[in-house]
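In the two complexes below, chain A is the common chain; its partner is chain B in one and chain C in the other.
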Partner chain A sequence: MMQLTLIELFKIIKRPRTYIGFLAIFLTVGAMQLAMYYEGEELISIAIQNLENDFRLEGKIINTNLMTYILLNSLIIHIPILICLVTGDSIAGEASTGTLRLILQKPYSRTQIYLAKALSGFIYTISLIIFLALMTYVLGYFLFGSGDLIVLRRGVTVISSDDVVWRFCLAFCSGALSMLVVASLSMMISSFVNNAIGPIVGTISIIIGLNIIFTLGAPLFKNLIPYIFTSHFIKWQYFFDFQIEIDKLKLSVIVQLAYIIVFNTIGIFHFNRKDILS
Partner chain B sequence: MRFLLVLSIFFSSFIIYSQSESAKNKILLVKENLEKVPPYNCDVKINIDVSFINIKERYGKMTFLGPNDIDYKLKGFAFLPKKEMGGISSDLFNSDFIAVPLGDENGNDIIKVIPMDINADIVTGQFWINNQNLINKMIIITKDKGSYTAAFTYADIPYNIPSTIEMTFDVKNQKMPALLTGDLESYSEEIQDVNEISKGKISIKYFNHIFQ
Partner chain C sequence: MNSSKILEIKNLHKLFGDFKAVNNISLQVNKGDIYGFLGPNGAGKSTTLRMVLGLIKPSEGNIFINNENISGNNRRYLNDIGALIEKPDFYKNLSALDNLKILYKMSRLKNNHRVFEVLNEVDLWEKRNQKVGGFSQGMKQRLGIAQTLLHEPSLIILDEPSNGLDPQGQADMRELILRINKEMQITVIISSHILSEIEKIANRMVVINNGEKILEGNVRKLMSKELLKVSLKSSDTVRLSEFLKSENIEIEVRNDDIIALINEESIPNVIRKITQKNIPISEVKQMRTLEELFLGLTK
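Let's turn to the complex of A and B:
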């Protein structure tokens, strides 16, 4: 199993599209940080203009912590696209090129092959999140320095700079878990189709569709929202609350783990019964 | 009969005038005390109690160079009153004003101060002044920034500088746009009345004064 996973990882490393994600994060984070460096004060003052009417704000608002917090919001749409580029291609891509038939001739079960592909996809996903974390924090630190984090969520929460590191660590873990759900979904769709475009477009369509439906139609689907996986993409924000709602976070972890298991089980089930005709 | 009426009007206006003069003199004594304070710096501890703001106690240093020239160096980020209370009262006392005595309360003279300038930002101020000519409490009504109430506590600090100022003021509920904050969950929450005005409180403790 270990060997299979390493082989799959080797394939991922060899594929040029793997680096699109890292390059996109590098460019996006770089551009965003530079834009904030030059225009940040104006942009932030739009968000806090009401506060400035009532208070004198003392201290540096734009710093690496705020930049990391803002860029973590890219987990909602942007990072899932980059993840699908690789995980969506892992089975369907090989099916379209005809190498899948070749792999299945090896003395490994289809379940083992699927799991190895899923594991290597998960490792890619986690490495993308770690790269995002390092890029946002390190580049932000050099450009803006450290400082207290101001979170404009359900009012205003100010978190001391010495109290944010553990929150970011857990937030990135939560974000990584959400992205593993995306990887599992695209892997599952990948096992159903024979071209690489299908899982990428399919996964992104599902994510965008669910986001739109459950954001705009929130009051209508109020009771359903906690069980829809896209609603957990922003649960990392809970780690920046003054009073962290542990129960909601536990539920979020359980729901997301359930989705990972369900998506992969469906994927394995279908992959085991799939006719490889290409 | 007419003579008595004229006489009573004359005396009553004299009494009112003399009461206004004594109130004005008291205010001028307060102003004199405020002006005697030399530049200094001290440590500060700031607590904020506003319904939509979550922030822990802040520490730092304050440098006082004049009522309108106060500089804070704080550890981290903090919310401070829009205007210093010393600065507000100084602005009020430095312009032409009318002082109206309103009686006394717990040993404090209550004096209402009305600026003569119709365009002044401060509409009126009411001061509770003790027998040492120190302001214990004041309420300031501004033209467009609501009202401020400040309660002062004094310890044994030279020049009778307050050791604590507790400031209460009107504050509008804040609702940031979700697309700006990334808080997409707020769409599903009950929409609060954004125009609702609540009371906010900032408490500042001053200690370890060093006078220049």
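Let's turn to the complex of A and C:
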């Protein structure tokens, strides 16, 4: 199993599309940080106009903590696309290029091959999140320096710069878990189709569709929303509340783990029954 | 089962919806054979070979490799088989060496030198660090053969290995296959839709069409000019086949006709006996060569 996972990682490392994700994060985070560096004061003053009527704000509002907080929001759409580029390609891409039939002639079970692909996809996903964290936090630190974080969510929360690092660590962990759900979904779709575009389009369509349901908050779906996986993509924000709601975060972790298990079980089941005709 | 059989297929069926891709195929390949798998495009050759490799699940029937039934989740037998199905597809962004290393590791083997040996065996040593994306079709085919030999299997399956090759490439491929069979003593199954290709290389063969087996036997005998291939149509193929067998005549039964290998002089005698026994026959067709038979049956 370890051998298989290493082989899959080797294939991921050698594939040019793997680096599209890292490059996209580098460019978007870099561009946003530079834009904020030059025009941030103006943008922020518009955003906090109302706040300044009630509070007197002193110090550096734009700092690495605020930038990291803003950029973590890209987890909803931007990062899932980058994840699907690799995880969605892992089975369907190999089916379309014909290499799937080559590796399935080897004496590993299909379940082992699927799990190795899923595991290597998870490692890629986590490395992408770590890269996002480093890019936002480290680059932000050099450009803006540190400072207290002002969070406008359910009112105003000001978090001291000494108290923010552990929150970001847990927020990135929460984000990584959400992205593992995305990776599992695209792997599952990848086992059903024979072209690499299908899992990317399929996964993003599902995420957008569910996000619309979640955002509309229609009464019909109200009770379902806590169990829709996309509603947990922003649960990392809970770590920046004054009182962290542990029970809600626990439920979020359980729901997302359940999705990971269900998506991968369906994927393995179908992959084992699939006739390789490509 | 006979211990000399390396592969035996019994009553194999494959349905894709209502379409019968493989319909009740039974055959056997003996150790040391170069076994030809002849049939037109879409005959069911690749589907049958994919079932042997576990890429497609049979709807019905059994496959035995070295007397072991391979149905279920048993994957160990795959270490005894090397295969090149349809076209040689590799990771184009990787070198020939990296491709083989991946496949070698996936065979759960330790001796890395084998990768270098097979690259030498197929004359690709010089190109080992070149990306496969830049390989010619002939080089890809040779790399395809190399990967079948990696784990030193006792059986290799080559599905249309000459596809896309020029005449010189085809001749080189034949030479390589013969060398693999004679020097390495590996049994080879080679599928093709070109009779002359099978004739040049195989010692035994099967002809399939529309998912059904038409003929199986020794290539020399099937291609012989002394024995006539006679197609007999009858509404009672059971009695007709029993009679022909009792006369020691080699036959293959299809739906409502029988292909028999009969000496030219004895045909009138055989026909007379059939009519004496009141076995209904509606058509008797003589075909002198296997090519005529193959073209006749597959048109």
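General remarks:
Heads up, the rule we're going with is that the second predicted complex is superposed on the first by the 274 of 278 C-alpha atoms of A that agree within 3 Å, B and C clash if a C-alpha of one lies under 4 Å from a C-alpha of the other, contacts with A are read in each partner's own complex, and residues count from 1 in each chain.
FYI, a residue touches a chain if its C-beta (ideal position, glycine included) is under 8 Å from a C-beta of that chain, and two chains touch if they have at least 3 such contacts.
Note that this is a predicted model, so its numbers are computed, not measured.
After overlaying the two complexes on the shared chain, residue contacts for A:Ser160 are found with chain B alone; chain C is out of touch. Once the two structures are overlaid, the count of chain A residues touched is higher for B than for its counterpart among chain B and chain C. Contacts of A:Leu34 after superposition: neither chain B nor chain C is touched. In the overlay built on the shared chain, the residue A:Asp148 is in contact with chain B alone; chain C does not reach it. Looking at the shared chain after the overlay, A:Ile61 reaches chain B, while chain C stays out of its contact range.
In the superposition on chain A, none of the residues of chain A is touched both by chain B in one structure and by chain C in the other.
The residues of chain A lying in touch with chain C in their complex are 3-4, 7, 10-11, 14-16, 97-99, 101-109, 273, 275-277.
Those residues of chain C that touch chain A in the shared complex are 16, 50, 53-57, 73, 75-79, 81, 83, 85-87, 89-94, 98, 102-103, 105-108, 147. Residues 51-56, 72, 74, 76-83, 145, 169, 171-172, 174, 176-177, 180-188, 200 of chain B are the ones touching chain A in the complex. Listed in rising order, the residues of chain A touching chain B in the complex are 46-47, 50-51, 53-61, 70, 73, 76, 147-148, 150, 152-158, 160-161, 211, 215-216, 218-219, 222, 225, 231, 234, 237, 242.
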